[in-house]
């Protein structure tokens, strides 16, 4: 499993809040992604209907997941490909290693896939004397920097161009150290040239899959760069690494979901490259891989299917929830401490790595609901975060002080007379503490509030009190 | 405007009860103007949302049962809060799903439960108020009201009829203020970052008064504005609509 | 490993609270796969052929394609030569072996150096045919085959695609229909590329740049019998 720091969420968040460079980048996320998605949605009258249909398609698939996976597998095999069922990360890693070793692979190009992060594939390949090279520009940058991705679709969003230049100078040691590298075009040109030679030299290309199509036994990837295509076309072997829930029934179903994917992610009508791959090259093809392998990963999905978190399996990894989340805007992706960040990260991470490790994530939410309002698959993210909070409550995983405060509140809330008395006392005491100014600058037990803002003082008497007086003749 | 009398049970909300009864009285005034008779069930305490959002389903259910019992005699339940009205309307039925009889009662009550301003416009057909308020205000859309109950145009519609009032729209009005109930206590640094961006947006509008429909949000934003020393007054929208703005704004005293 | 397969399928069924799917369910799913139902199809692309064509042109341009129209397929070599000259690109071209492009009258532009085959990365410009154009988004559907190597779509910096007016359909669903007509139901080529504009990335400081790994330029030559002059 990819190493997680989710239990240090608060510390991670603090670091993120103090990182001026990150905060600038997050400011762009808050503005650009939000505006673009809104514009794309407004431009397509059928957008809401497509969201409904996309949700229904995925629900249908999940309800029949075994059948669709079997159909998919049969079609892959009929087209000359192979399907490998892997229960967990270790099985997936070993399977990929075995395939790589079968052709003495030394160099592996990687198209972007979160599953690769989930199973910590790159470190494993390197430990086994195989060089993996991320080819998505953002992933390449963070690979060189030994950092995890900070955003679902823009993994290097936290890195500025000076940092990219610094990273390239340190890594591309064969190039002239005096070369100018200050502007994005120069950086892009250098990355393009470097990666071009890797594409051409790679023995194995590993991509993810946005969709696995049961009808045809195909995998679909969606990119803007074309790196996924070069990854899967040039080497001898194409490995598709995908989790179980990626399957959709037909090409038409893929079309429906594709219509909401790019629009929700970046506001584009279509990503530049949507590629449907089916099996290895055909007998007379002039290019294409000789072998096509699909590594189907469970890693907790089959269990999630039977849980109250099933709906999270509809996720198509568009990133809209992150792009609209006030917490993500404040702290960025690294703070979440694992592969998936933002609202979907808050729901998935405890499921995949355990709620003891990831317990903070579903708690660090205001339940503003913006995520759910933009999710193309209509996943009820706040509801599922609340389910995690219920599980934590049942297992006494919440901090004791918070638990006690809540039990006390609930105790009073069930006893109106006691509650009214407590409220009257509280209103009076807080009003006194507010003094002349009408606000309180510091309050014991409410340090979390008063550290950053004043507490307005109450009027001094409760509504119930005043209402009772008003009603008396 | 509808002339049919309606018996409204006012759900005061714990924050209004404790911090700012004026909002409750403003709600009563507006409801009476809209032709309702208003009663305030004495047995009410809290809608149960703190327990619910903390994962304490058992307490949330117990509290919900009490709220249902206290309010089901009324034609309508109205709360000056999208968050509490949303809790009753959107969440009580799911919360009580494993007790069909209770769930039925919850559904019946939910169908009659409203946030104050949208009740006035959408149910009672109120198209304007007679209040006066001189100054430029800006309006924050509280998340629950906005996303659970669709409260967006209604307060703007009524505010447009307040004599002397000018509305400067808040960029990012629909962005969360960072209150989130227990969130602001559990994750204060993140909450502070969120509310700081909100107060910066508010100040940039040039408005001298901030309004919203939820006291939790208002206490949060007012507390931050005061700490930052920004001279922006904060009130609940009901105070302005009811013409009850004699009282000092939130977090201020008459002396200021 | 077949027992992992069994384990995973078993875990799925356990979660779905049922045993293996019933024959009826299997039949329903089989029917769905054989006759795929469509979701909501945006009205945008559902136009009469001329209007559809204009929409395709507009959307392709929006996606940063360049596009020229020719009335007669025999003038495509000239259109290619003129484009290369305009863009200051060498008069050298790697063409897909597909007769639709390979058998064009290249001799009409003898200074153009034309070869056919796949790309090995050393070609600057390629020319391929398309199977369809999708008006809704300005997208080209390109299919691989012995005569249409995929490398031509990605390795050269400049990719030119020949598209005919008749090939332009409204939405993706109609493009899938064209694909099925061409190959037969359930039969696919190794690669179907849906291409919407040139390659791009905004990964460096959110600055949008063309030519990330794939072509920097995507030029479409639209063969439209009713074309009068270039747009």
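Things worth noting here:
We call the chains A, B and C, going by the order they appear; numbering starts again at 1 in every chain.
One rule holds for everything that comes next: a contact is a pair of C-beta atoms (placed from the backbone, for glycine too) under 8 Å apart; a residue touches a chain by one contact, two chains touch by 3 or more.
No experiment lies behind these values; they were computed from the predicted model shown.
The chains that touch both subunit B and subunit C are A.
Think of the whole protein's Cα atoms as having one middle point; the chain whose own Cα middle lies nearest to it is A.
With chains reduced to the mean position of their C-alpha atoms, the one farthest from subunit B is C. The distance from the centre of subunit B to the centre of subunit C, with each centre set as the mean of the Cα atoms, comes to 53 Å.
Look at where the CA atoms of subunit A average out and do the same for subunit B: the two points lie 33 Å apart. Mean C-alpha positions place subunit A and subunit C at a centre distance of 30 Å. The set of subunit C residues touching two or more other chains is empty. Residues 1, 4-5, 7-9, 11-17, 20-21, 25-26, 29, 32-33, 36-44, 59, 62-63, 97, 117-118, 120-121, 136-139, 144-146, 149-151, 153-155, 171-173, 176, 179, 186, 188-207, 209, 211-215 of subunit C are the ones touching subunit A in the complex. Note for the complex: subunit B touches subunit A at residues 12, 14, 16-22, 24-25, 40, 42-46, 48, 50-57, 59, 62-63, 66, 143-144, 147-148, 174-176, 178-195, 197, 219-220, 222-224, 226-227, 247-248, 250-253, 255-256.
In the complex of the two chains, the subunit A residues touching subunit B come out as 10, 13-14, 17, 326-327, 329-331, 363-370, 372-373, 386, 388-394, 398, 402, 406-407, 409-410, 412-416, 419-420, 423, 426-427, 434, 436-439, 441, 446-449, 451-459, 461-468.
Contact residues of subunit A toward subunit C in the complex are 25, 28, 32, 44-46, 49-50, 53-54, 57, 63-71, 75, 79, 84-87, 91, 135-138, 141, 154-157, 160-161, 164, 184-185, 187-188, 192, 195-196, 199-200, 214-218, 224-227, 229-230, 233-234, 244, 249-253, 255-256, 258-259, 268-282, 284-288, 296, 298, 302-307, 310.
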